[in-house]
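Should a chain be cited, it is by its letter among A, B and C, assigned in written order, with residues numbered from 1 in that chain.
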Amino acid sequence: MRLELRDVRHVYAAGTPFEVEALRGVSLTVEPGEVFGIVGGTGSGKSTLVRHMNLLLVPAGGEVLVDGVDATTLKKSELRRRVGLVFQFPEAALFAPTVEEDVAFAPRRLGLDEEEVGRRVRESLGLLGVGDLAGRSPFALSGGEKRRVAIAGVLAMGPEVLVLDEPTAGLDPATRGELLDLIRHLREAGVAVVLVSHDLDEVAEVADRVCALHAGRVCAIGTPAEVFYRDPGLAPVTVRVASLLQESRPEIGEPVRFGETVAALRALSGV
Amino acid sequence: MTSLGQFYPVASPVHDLDPRAKIVATAVLVAGLFLIDSTVGLLFVAVALVALVGASRIPVRDFLRLLRPVLFIVVLTVVFQVLFSREGTTVFQWGFLEVQAGGLRLALFLALRILLLVGVAGVLTATTAPVELADGIEDLLSPLKRVRFPAHEVAMMMTIALRFIPTLGEEAEKIRGAQAARGADFSEGGPLRRARSLVPVLVPLTVGAFRRADELAEAMESRGYKGGEGRTRYRELRFRARDALALCITVLVLLIGVLL
Amino acid sequence: MQNLGTGTRHGGSFAVSCEGLTFSYPGFETTALSGITFELRPGEYVGVVGPNGGGKSTLVRLLNGLLRPDSGRVLVSGHDPATEPFEVRKQLGVLFQNPENGLVAPFVEDDVAFGLENLGVPRGEMRERVAQAIRAVGLEGYERREPHTLSGGEKQRVALAGLLAVEPEVLVLDEPTSMLDAAGRREVLEHLEELRSRKTVLHVTHHLEELLNADRILVLNRGELVADVSPERLLSDPDILRENRLILPVVPRLARALGFGANLKRPEELADAILTRAESGTRSR
């Protein structure tokens, strides 16, 4: 599925003295099966933006298009099945008596029969590596486990695009690495992933394309190299190191991922 | 919108008054309204109230919005009295419906009183920040500490509630959004269905609130909190001449109203 | 075993000392902490790292008396938090992980005053100390702001101001930046950096890059103190890192992959080292 936002505008508290323009004409496209990173500081509009992707928020201007069709003409439940949105700190919304029940919530809402629901629950829990927690109470789990259950709950809908809003916030580095692996796995399975993150190193490792937001506008969009080398002061560490060497050693190119940066640096210093 | 519903943040002499004076004045007025037995008396108080609203620099339109919730009761009362009260000369007749002068007078009286009660309380909440209200209440209740009434604890609870209500509101919004993203629909079906559809919001909200309370308690204890004993207060309530004046004016208005 | 009998206040040999600290949560079979022994000297900046569930948070709560050890002893400036928690809390302040749930009052300045109120400090003095603390964290102008309108970084700074107002000798930071975004993290770390010279700090974190300038790092795993080493030593020991699920920050990781020591901390240092090597390689050809 091709998800396109065309000149999307959003205003909070319109018409009141507290009116705030959160998005001022954002355009971007998420191609099928790609990992699309969205970066930007607090107040850049990242979270507001992704809530438009499943029409939890309706644009004040511009459009949201799913495969070229205006998303507002689609049935909401259908749209939200195809575009799965995982909020920041999603474990705050766990509510069922068991993990199984919680993950089953979304598939059941889709009207699937119990057998299919069960299959999806098992599959999503397995994908997140928490299959053995199925019978436990979600409230008795550790932070990392809860996070995984919450993500499984959205994956169980079988979305074509999975939008993750700061999925690694508050997690220890080891668990963070595991979630990045999940993102890579999803890409291989043909699921597009929109990754909103303030952690540039993370985005650098998995994104195919990146969009940088600032004050409700897109200030850069393209491949990670294109976006990050534009302003190496605010870039992943790999880019910062490489860009420090570019002037004297232009042959270093524009590596972004850890692996390619090591290779470029090795070639350079004759290691 | 940061403040709790009714507080209207603007600078005015009424806003500046000590919250204790305002709370006591409100209590006195509310009780006193039941002592006034003439419509003229109520009208006098109404005029004074209008003057008070003016002094508090609250736009009339916003103030009237405060009265909206009771409009229904007022109308009901008026209709009831007008149609069913039997006193005085008949003013109007239509079939078996009879409207008498006494009914009209009584209706006006009761309606006025309801509106005044709400109006007076409304001025209090519109001109006093919730935190100040909590301070005022704590201070007024503190003599009760001698009879073991937990005045400090009550005030602490109010302050914490005030602190967290906006936060919990945002949390509720977020959880609602998360469940909607998973296909929850809060607007379908009859009242029973809708109530049940709130479970995926209320359960996490409640659990989260308990966890918050735990963490907050840890933080408070870590910062040396051990109840109200030996505690000083950062905020200061100063009862000044103008507060005494406000109280006197209140009592005066009331007296005149009663005498009229 | 150190002699802990003379860990007296202010000017004593240790700011914080733990001996044989052991604790299990009621109803849980596994021991949360067993036999923890270490000291903090006044003015030291010591990090604490280790996998989740390893005992870091438990340690923090034993230090300020929220929990009492099953055996062993803690002394903070000469006081035992198990028996004199309120004395200890004057000398040891804790900055918790969740910026939201540490703020108790509806306005910033009232929250910063909370600790002083608890101590019964007279109002005049309170006002001065609150103003100072707010200045110390760069939040002048925020006095009447409501907590829910603040960013994560600002909330943590308010919490920090609240601690500083009480003027403790020791600051314990329990993963203070883990719920913040990059900007918030920078803000908070900046102000913590400033405190190094004036306070004794125990900094629990997952982010090794925050501890590159620490004096020492303690590694807690499965309730045991498995290492008490310098940052350089920790960064260059792949076994300790792996066993304790610690991830190297990107610069040291790049450095190691290129055969440099892990003591390179900033991108500039790594770039210089690479250039130097490349140049000497060219020269020697």
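Please note the rule applied: a residue touches a chain if its C-beta (ideal position, glycine included) is under 8 Å from a C-beta of that chain, and two chains touch if they have at least 3 such contacts.
Here the structure is a predicted model, which means the values were calculated and not measured.
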Most widely separated chain from chain A, with each centre as the mean of CA atoms: B
Selected pair, greater C-beta contact count between A-C and A-B: A-C
Rounded Å distance between chain A and chain B, as computed from the means of their C-alpha atoms: 44
Length of the line joining the C-alpha centres of chain A and chain C, rounded to whole Å: 31
Multi-partner residues of chain A (at least 2 other chains): none
Chain C-touching residues of chain B, taken from the complex the two chains share: 2, 130-131, 159-160, 162-163, 166-167, 170, 212, 215-216, 218-226, 230-236
Footprint of chain B on chain A - complex, ascending: 13, 16, 18, 51, 54, 56, 77, 80-81, 84-87, 90, 92-96, 105-106, 109-110, 139, 153-154, 157
Footprint of chain A on chain B - complex, ascending: 1, 171, 174-175, 177-185, 199-201, 203-204, 207-208
For the chain A and chain C complex, residues of the former touching the latter: 41-42, 142-144, 166, 169-170, 172-174, 177, 198-201, 236-238, 240-241, 244-245, 248-249, 258, 261-262, 265-266, 268-271
Residue ranges of chain C in contact with chain A within the complex: 51-53, 97, 151-152, 178-179, 181-184, 206-207, 245-247, 249-251, 253-254, 257-259, 267-268, 270-271, 274-275, 277-278, 281
